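What follows is a pair of complexes built around chain A, which joins chain B in one and chain C in the other.
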Partner chain A sequence: MSDRSRYPGYDVLAKRETPSWDEPTRRAIDKRLHVSTAARFLTAAEWAGADALCRRILPQDEEGETVPLAALLDAKLFADHGDGFREADMPYMREAWRAGLAALEAEAKARYDGHSFAAISIDDQDSLIAMMQKGLLSAAHWPGLDAQRFFERRVLVDVPALYYGHPKAWSEIGFGGPASPRGYVRLEGDRRDPWEAAEAVSGQEEAARRLNQHVV
Partner chain B sequence: MREYPETDEVDFAIVGTGAGGGTLAALLAEQGFSVVAFDAGGYFRPLEDFASDETEQNNLYWTDKRVVDGANPIQMGGKNSGKSVGGSTVHYAMVSLRFRPEWFTSRSSLGYGADWPISWQEMWHYYGVAEREINVSGPLTYPWGPKRPRYPYRAHELNTAARLLAKGCEAIGIGWTETPLATLSAPHSGPEGKSPPCVYRGFCRFGCSTNAKRSALTVWIPRALRAGAEIRDLAMVGRIETGPDGRATGVHFHRENAWHFQRARNVVVAGYAIETPRLLLNSASDRFPDGLANSSGLVGKNLMTQSNQAVWGRMDQEVRWYKAPPSLAITEHWNYDDNKDFFGGYCWMGQGPLPNEWASIQTGSRGLWGHALREAMLDYNHMIGVKMVGEMLPDETNRVTLADDLDQYGLRVAKITYRWGENDKALIAHALQQMGRSIEAIGARDMFRQENDTNHLGGTARMGNDRRLSVVDGDCRSWDIRNLWVCDGSVFPTVGGVNPALTIQTIAIRTADRIKHLAAAGEL
Partner chain C sequence: MIVNAARRLNRAAGMIAGSVLIDSAMEHHRGYFHNKLMWTPIATSSLSIAASFHGHTDRRHGAHRVRDVIYALAGVTGIVGTAFHLYNVTKKVGGWSWQNLFYSAPIGAPAAMSLCGLMGFLAERVRDNEPGSKPTIAGVNAGRVVAALTGASLLGTTAEAGLLHFRGAFHNPAMALPVTMPPIAAGLLAVAAVGRARVPRPASRKWLAATAAMGVAGVAFHAYGVSRGMGGWRNWRQNAFAGPPLPAPPAFTGLALAGLAALALLAAYPDE
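Take a look at the complex of A and B:
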């Protein structure tokens, strides 16, 4: 992750009280920003494993606000707000997460002297995740759930949506965010409405930062 | 809203309120029939209920349990389901295209699939009615197919993604045009109320909180209510009852934690290509052990989806594809070209995925995670993409059956089995190559393909002229049970290479006309 912000000073939440946000949107986003940090679905051990896994799927090493991915995952599983369907050889979302986290834990303990997934180094975590993605984990620790399918169908579906559904990520990638009732006016390339993020051109970051102070 | 007691035998109980059921509810009520239209989902009010937010709007989708399998399992969700009054038209991208005329005789004219029992000339007439009723905005002249009337509303201004699509088409020497869209380009006032034009907020694949989108929720449902229909929301129909004479007598529905029974003289199933066959199969009885309307054995069979592959790339310039409807420009070139070594056709349109969808493409197609994912996502405002809607051929082994899993109502869930055929794969390969050429020609870099996506559905209760080879006749009326009708995308014998919503509404408008004539002739 490069240190330089692509949209310096842009905060999509600065538009909260502008005509780009309406009441149903404020309600929905407020709920996300105040997600419960107490586990309601995951056990303490599952939470620790999920938290470590989420930190590798979406690393947030930079300073400043972080998106509480484990808490958002727990809330999603608690509400059972998923895509609903399952593939014939997979369990439904909740059971898949329980089984997948248990298997990942067993896999880590078998490979790393009985250490939890959360306790091994991030390099070891990354290598375990890469093996899961490439289908290199044996079925021994994965009863009833294929490791690669768990990664593709659950981890890579559910976790990125928690991060990129958060206003912090919208600010980071320069997304305009909620836009009702105001919408947008300028549709031509390389033009922005005053309530859209300004992208930093190399060497002129300060100009973008100044514009982004006034994105309301 | 008028409400009917369950003990009343209403003229029509309609199951589903989307493009098929919502349209029919309005038009039948306007003819004076008593109508109760059921939806398993809630009745949302766009301005009060629709957040500008991808995550929150997951509540518009059918996320009840289902099982998918086969060599190419269909991913269910936003692109092929809806669970609210208005059905999936609440979150459809408003693309309103006519089928190519030859598709209605694809077997006899083009050599594949099955012929429809309705002529293209008749469909052309009803397409015109549908486009006027839902106020489609579109180009002054449409470049493909036989002459059609001018679209009622002017085309929308193009966003950058659409301008680049046009440039790419021109670079490889094929035509393009502004996409006919069912979202207002000017203020509108009609029997359903007043609506303002689109403000280009870009959350078009979700609920429209401007009220510019012309969905069943904003067009047909208000008309149905005005004409005295009852919309019964949060009411899951689990079984159609049949009497000793083999005719439908009404529907069992689950509402407020209990099962109820609504008597009806006619039952219309309009639950789309998964829930429609599921309901017919779940309604099996001693007299109809294989499910209702199933003497042909075809209920649930010939499920079709549409190929929805894409090619993505990064431009030097800013694109900001999140502004305005995502599919403002289109090429139907390959729907009208028969010099290909496979059957069927496809169109492609410009794209504007919001962050969550864009992240799912990065993970699903490129397997990105970690720092690589965050880096790639930083290019969000520079990305372009073109995405196909491709015809897949009917195949009896692609089908909906009942799984052993039970849903929250205790009903067996649908099992959806799907495999791409060799023709489907050839069509996809052709489209990926052409789409890639078009954006490479305008300077897209770091291009990648999204190879595994599908979208709309069709089939599973095919219409036809021969009761041995179809589930319903051209009037959407079951061959076996004459007071049972199916009116949604399930009746499509072939699915075509364009989005189906306009065709579903067109079929529903025609069905309402046919019911009027049948009633007048005493043949209902």
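Take a look at the complex of A and C:
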């Protein structure tokens, strides 16, 4: 956790063995922490493309601990737990991602001398993503899938959800994780339960850091 | 007998003060003593406990000046506290609404502090009577005064329990007890206050004793309620604060004990 954090010294995983969490909570969170790093649904090429895309959607400080977004996406697609609904103009989750990643790959190869999406520069990746967002990509590479809709309904929904479902992101934003079994007592604004992250006031980061050493 | 009746009232006041001390300490800790005035009931209820214990050990006639001051302080604290809690309700979004009555600072809680002061005040007034005389308060038979005021107090405490048990949807049938037994006890005390003095009223005494026992049993029921919260007692730091208040029910015990003291006074010093 960098010093710029608004919750200095806070690690949501310190709550693991406290009354805040019980066995089912720990099991659910452990599953996210120990996600398979070997592809189970995506091909190696799709994985590389998804990894590059995720890094541009949610850039992370590569020096520190990162959330393995490509691995989490692969696990999500492998498990195939959908949204519970499907919009009429969108394919099912698995097909949408497979088609979207293939289309991005084809766009990159067509525009950048046959280089795959993962291999082109970050600026080129960003301009491709921007064109996808604005609906400026050629329909030829997007059979059965609208590029703009793929960006809005899958990329912008799934990637942030995977990021903010991970304990590393919880520590970053001062989220306490599942309120199960222990919820909260002091529900008014700016009142803190002892098992909540302490937010730093500018200039008083040490006070918050001390509190965050004992979030139990 | 006069001193013994006064001592019983001292003990009743002490019982209520103990309930207020623990309840306000827990609830105001939950509120982080956000307003420094939230320390007030901790101080006044502690003093009231000390005064009540002193009164319990004191076998002399005559009101005690320091005890009187402390009990007066408790009475005033309760009234001011009620005003503060009312203000707390009105400044919430929505103002006067069931939501805010249920979940803001409890209106009835500070009133218990006043009831403690009232019982203490009555204790000192009873004690202030000459040995061997028929005890009176402001010229009225003391037993009648204590019975009437204790009965009214029981109704007030019932209102608070009723509000919070209604919030809890009376999900456990036992939650109906503190809204049924105390009003009946209050009715019996009202009858005693205006009725004939010489009758022994064994049924009323038994009913008041049962009400006193209910206040103690309430703690056990509330402890069970805490255990039913997710995580149970292991998660006491949430459940003991967000669940049913453990120290609240003995306020009924204190008032029922005062009611018993009133009946004893009426039986010993009939005014007919």
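Note that the second predicted complex is superposed on the first by the 211 of 216 C-alpha atoms of A that agree within 3 Å, B and C clash if a C-alpha of one lies under 4 Å from a C-alpha of the other, contacts with A are read in each partner's own complex, and residues count from 1 in each chain.
Just so it is clear, a contact is a pair of C-beta atoms (placed from the backbone, for glycine too) under 8 Å apart; a residue touches a chain by one contact, two chains touch by 3 or more.
Because the structure is a prediction, the values reported are computed rather than measured.
Residue contacts after overlaying the shared chain place A:Gly135 against neither chain B nor chain C.
In the superposition on chain A, contact is made by A:Pro19 with chain C only, not with chain B.
Within the superposed three-chain model, A:Pro194 lies in touch with chain C and out of touch with chain B [touch as defined at top]. Comparing chain B with chain C, more residues of chain A are touched by B. Once the two complexes are overlaid on the shared chain, A:Pro181 sits against chain B and chain C alike.
Contacts of A:Pro143 after superposition: neither chain B nor chain C is touched.
Counting contacts as defined above, chain A residues 22, 180-185 meet chain B in one complex and chain C in the other.
By the touch rule above, chain A contacts chain B in their complex via residues 1-2, 6, 21-25, 27-29, 32, 56-59, 81-89, 92, 126, 129, 133, 152, 155-157, 160-161, 163-165, 169-170, 172-185, 187-190, 192, 196-197, 199. Contact residues on chain B toward chain A in their complex (touch as defined above): 47-56, 58, 61-69, 73, 75-77, 157-160, 163-164, 198-203, 209-210, 317-320, 322-324, 354-356, 358-360, 362-364, 367, 369-371, 373-375, 377-378, 380-381, 415-416. Only residues 19, 22, 180-186, 191, 193-195 of chain A touch chain C when the two sit together in their complex. Looking at the complex, you find that chain C touches chain A at residues 30-32, 34, 230-231, 234-235, 237-238, 241-242.
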